[in-house]
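What follows is a group of structures, each given as structure tokens.
Across the two complexes that follow, chain A remains constant while its partner is chain B and subsequently chain C.
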Partner chain A sequence: MIQVLVNGVFLGCLFAVVAVGLTLVYGVMEVPNFAHAGVIVLAAYTTWSVEHAGAPFVVAALAGIACGGAVSVLTEVLAYRWIITKPAAAPAVALGLLLILQNVALRLYGGEGRSLDTPYDTVLLKAGGVSLPGVKAALIVLAVLSLGALHLLLSRTSLGRAMRAVAQDRDAAAMLGIPMRRQYALAFLIAGMLGGVAAVAYAPTFQVSPYMADDVLLSAFVVVVLGGLGSVWGAVAGGLVLGVVEGLGAAYVSSAYQSAFGFLMLVLILVLRPGGLRTTDARRVA
Partner chain B sequence: MRLPAAARHAGTAAGLAALSVLAYVLLKNVQGDRGQVVLLIVVWTIALTGLNLIQGLGGYPSLAHVSFFAGGAYLSAYLLGKGLPMAVCAALAVGGTMLAGLVVALVFSRTRGQYFAIGTMFFTAVVNLVLTNAAGVTGGPNGRPVDLGFSLDATLVLLAASLGLSLGAFHVLARTRFGDRLRAVREDEDLAQHVGVPTARVKLVAMVASSAFGAWAGVLFAQYNGVIAPSQFTFVQSFLMLVAIGLGGSGRLLAPLVGSAIVIGFTQLIKLGPGISQIALGVLFILVTLLVPNGVLGGITGLWRRVRPGRAGGPAAEPPRVRAKEEVAS
Partner chain C sequence: MRPRTLVTALSASALLVPLAACGSGSSGGDGSTVKVGAILSMSGIYSTLGAPQKKALQMGVEELNKQGFTVAGKKHTLAIEYADDKSDAATTGVTQLRELAQAQKLPVIAYGNGSDTYVPQLKRKPVAMLNLIDSVYPSILRLSPHFWRVRGDSPTYVPGCLYYAKRQLGVKSISVITAKGEGYGEGLTQLVDQSAKAEGVRVAASSQFPLGSTDYSNAIRAAVGAKPDAIYLSSVTAVILPVLKQLRQSGYTGPVIHSAGVNPNQAKDILGAQFNTIMKDNYDCAGTLPTTSDNPTAKAFAAAYQARYNEYPQDLTMWAHDFPFIVAAAMAKAGTTADSAKIEKALGEITVPQGTVSGWLPGDGQRLFTERMARTASEVTTWCSTGQTLASVMTFDVKNGAVVDPVLKKDVCK
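Moving on, here comes the complex of A and B:
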């Protein structure tokens, strides 16, 4: 039982890191960033190829995170920036970007999965009958560290204050002289770097392939709906809840249908609360 | 009411009939890879006509459409395997899928915009998960063969006829009060609700109707193809369907045909190597979304108007493409 819970927490941390990236972008720009999966894939491939070229793992991981940030900012500058006034076009553009990014990965690295080796591959933590592989422990640590850093950034710095202001009310923030474009780019940079962290931490438990992030992205969107679009702490809490639910479902019902439990949860939420559990903003999106 | 309307739209009806005949001739005579392309374009047009209702007229980007397509294909194949006659199988497959469409609509038509896209996308992902894992019924990841229910010739006739008939059905539906209500939902859902449009019911009906088109296309696709597999019904396919409608021009009569021709043409005909054609499609789609929000057909009618300024409606002798422009006016 505790083992199942620990696995759930692992999944939850992964979902939370991805979902916080989605919700940040949604908060400042109201874009459902489906392309985030593509960012994760490219970051994972970058890590793999840098490590494959002989660099130490830490360098490769940093390269991957940097690549995630760069690609994410690129999607903002090249595409999302132009549809700020047309929120209805956002899902379409996001899916178009996902198509492009995934196929760039497919083109560059081919379709077969690659395995990413880490120095902590062989580590196995054991405590009282519960075992936790090193890669999963590393993911939990990385998630806590990066989300903690994000919390400090959002709550303690003027940049973070500006970003929260933009998320609360774009027009008012613009009127008060907050440079909007910089905030957009910054949100995408942070989201992309979190995507990179997710990629580096998650790829060793699975394998690197162009479609590795699809399931995670879907679950992360459920998390975002759970926590309310645009809410960072909602995303963290929602991530842990969903991770534990999927972990329990996979352990006690059927592991093949793991992400279907997330879907059931999504259906339940949408039936009970069509606007998500925590919506602060009744803005019309349609 | 229907008959005089049909008489007034005789030009469109004749155009669609000609399209059906053309489709039959092409399906009958084009062989090999190109034959497959023609088949896919015809099947997609039938399926996408349904999507054009909910996405084009209603403004709801449904990513569940490929699931309805899969529903028709898999249900008919399964029932045929049980030894039922083909007509019964087809009816049950379409009916069953419409029931699923009703459930999806009940859950997700309560949501808007982004939430709707996310929810329907997840639905498609779960359907694909079931198709891949419930190997006893669906044959698992490698798919399953489909018994021959219709003779090949009958399938071809049905495909060609369904092409014209479904486009015709869309043409009629778009002109009924139902079509107007859907457009009202697209333009401003709150306002529509406020002035008395039963938005929830309209969305529900549109979703169920769209699932019927998708399911019927799936039945025909399975019959022609002879084998179906989960990889034909992934959420990427669902997204490409959305792209096709957007490229063609949301809500326009011929958008499904133009859109599927572009999408299928890009992915099947132009051999740029793996991935490249999809990258090109993604770039093209984003550019069209940004620069020509009304799609290719909308762009053409816009140009046409600029070249020939004058009365908006135009004389009745013009081809269906121009007819579609009335859609924007209303």
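Moving on, here comes the complex of A and C:
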């Protein structure tokens, strides 16, 4: 049972890091950012390339996270910014961007899987009959650190307060003189960097490939809806709940339908609490 | 003739000449170069299969064309029209099939993936299609009478896994991890269950994970928790290698068996720096590899392929290499280079063609195809850590679901 919960927490942390990036962008710009999966892919390939060129893993990881941020901002500057007054176009643009980013990766690196090596690949933590591979422990640590940093940014800095203001009421924020475009770019930058963290953290347990983030993105969207659209802490709670529910379902019903348990829970939550775990009348990012 | 009429006539001729040339060339009836088709995944996620298939086909065509082949007294050479299904047989592949079979009227087509998606088009325009890789169980041959397979299917090699595991590894119980929703893997699991029953090996646990998932810890926990003597991974290379990686990361050190045809290049790419450790105690039962085959022509092909392309030749490369020779033999037997129905009938009658390298096992009457399937010997390979490569530990054949003629090899990694 404890082993199942530990696995669930690992999955939950992964979902949370990806989902917070999605919900941040949704909160500020109301865009369902499917292209986030493409950002994760390019961040993972950048990490792989830099490491493959001989750089230490930490340097490669930082390069990957920076790439995630840069690509994410590019999607906002080159695409989303131009459709902000046409929200109905956002899903189509997001899907188009996803295809472009994945095919860029496919073109540059081919379809074969690549391994991202870390210094802790062979580490196995054991305590009281529960084991946790080093790569999974690292993901949990990275998730806690990055989400903690995000919390501080949103709650303790003027940048964060401005972002929350934009999320709550764009028109009012603009009237107060908050530079909107900078806030949009900032939201995409943070989301992209979180995508980079996710890529660096979970690629070592899986593989780097153009389609590596599709499944995770789907789960992350479930988390976003579960947690309440635009709610950062709802996404964190939703991620952990989804991870644990999937783990328990897989352990006690069937691992073949692991993803289905998440969707089942989504339906239940939507029936019982249509606004998600953290209901809010306004969009928000905290 | 008035200038305007002359211009019109010349324009019409200019249009008709290439069309006529195109028509005769594509039907393969011009007495010199015969054209056939190949729909391969040369880009996209399955380009790991399509690209080496194309390379091997090119080698086969070059080899065949050194001598050419004779049909109804006329000497011919062969050319292949390659089409990329972009790893999407259902849309791009079907369009390519329509183009090759219906528009260009090519009499024979080689292909890799997507058999089920081609069936409706084959009903509209029948053409002989030779599959170079798909050994899924139940067989693709049940889908259409126009499918032929240039390789043995899963039942010709899976029984060898359990046979070897029981007798050489002392395995009494086995856990199976399957990619749910992946046809090849699900078929393998059925066959492993049957073979385990036949061999008296207990299936300790059978767990699954959804295809496309990135974390397999729940399936792994169920499989390892049953404390089996070995674990069988049911799926294709791109899926099982990440599972294998997580399996080793979870602390499991026992034998791992699969039928994925993993080669050293793939192991290194997908498993990374630890690949040699992760691949330890790994057993792969499938068709013979050209590198590990006892057949000297297969070995020579493997050396030539490696020298030319600087990559490890997968098993599918030798089957692809032989495709042009098989087509040429069928055309010679049929006495036509254009009539697909006659060529297809001849496929069922030809013996193993000269020039092939795969070491085909002929069936009744020395025929290459038995019930539309040509096959080579099967083998179990093991990972040799010292050489960081594969070595054959047992070759065998399967008849009526049971291993026959097993040849065990010792000290293969030395």
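What we mean here is this: the second predicted complex is superposed on the first by the 271 of 286 C-alpha atoms of A that agree within 3 Å, B and C clash if a C-alpha of one lies under 4 Å from a C-alpha of the other, contacts with A are read in each partner's own complex, and residues count from 1 in each chain.
The definition used in the following text is that a contact is a pair of C-beta atoms (placed from the backbone, for glycine too) under 8 Å apart; a residue touches a chain by one contact, two chains touch by 3 or more.
The model shown is predicted, which means the values in this text are computed figures rather than measured ones.
S.K.: Overlaying the two complexes on chain A, which is it for chain B and chain C: clash or fit?
M.R.: Aligned on chain A, chain C clashes with chain B.
S.K.: Now for A:P32: first (chain B), second (chain C), both, or neither, which partner does it touch?
M.R.: first
S.K.: In the superposed arrangement, which partner chain does A:A250 touch: chain B (first), chain C (second), both, or neither?
M.R.: second
S.K.: With the two complexes superposed on chain A, say which partner A:Y202 touches: chain B (first), chain C (second), both, or neither.
M.R.: So A:Y202 only meets chain C here.
S.K.: Looking at A:T122, would you say it contacts chain B, chain C, both, or neither? Reply first, second, both or neither.
M.R.: second
S.K.: According to the stated criteria, A:V223 is in contact with first (chain B), second (chain C), both, or neither; which is it?
M.R.: neither
S.K.: Is A:I83 touching anything from chain B or chain C once the two structures are fitted on A? First, second, both or neither.
M.R.: first
S.K.: If we overlay the two complexes on their shared chain A, which of chain B and chain C does A:V20 touch? Say first, second, both or neither.
M.R.: neither
S.K.: Once the structures are superposed on A, label A:V267 by its partner contacts, choosing first (chain B), second (chain C), both or neither.
M.R.: In the superposition, A:V267 contacts chain B only.
S.K.: In the overlay, answer first, second, both or neither for which of chain B and chain C A:G96 touches.
M.R.: first
S.K.: Would you find which stretch of chain C runs into chain B in the superposed arrangement, from 6-14, 114-122 or 240-248?
M.R.: 114-122
S.K.: Once the two structures are fitted together, what part of chain A is touched by chain B and by chain C alike?
M.R.: Comparing the two interfaces on chain A, one with chain B and one with chain C, the shared residues are 106, 111, 214-215, 256-257, 259-260.
S.K.: Would you tell me which residues of chain A are touching chain C in their complex?
M.R.: Answer in residue numbers: 3-4, 7, 10-11, 14, 106, 110-117, 121-122, 124, 126, 131, 133-136, 202, 205-207, 209-212, 214-216, 246-247, 250-251, 254-260.
S.K.: Under the definition above, what is the set of chain C residues touching chain A in their complex?
M.R.: Spelled out, the residues of chain C in touch with chain A are 43-48, 87, 178, 180, 207-210, 212-215, 217-219, 221-222, 238, 241-242, 245-246, 249-251, 266, 269-275, 277.
S.K.: Any idea which chain A residues touch chain B in the complex?
M.R.: The touching residues are 26, 30, 32, 79, 82-83, 86-93, 95-100, 103-104, 106-107, 111, 214-215, 218, 221-222, 224-225, 229, 256-257, 259-260, 262-263, 266-267, 270-271, 274-276, 284-286.
S.K.: Note which residues of chain B are touching chain A in the complex, please.
M.R.: For chain B paired with chain A, touching residues are 59-61, 107-108, 110-115, 117-119, 121-123, 125-126, 129-130, 133, 186, 189-190, 235-236, 239, 242-243, 246, 273-276, 278-279, 281-283, 285-286, 289-290, 293.
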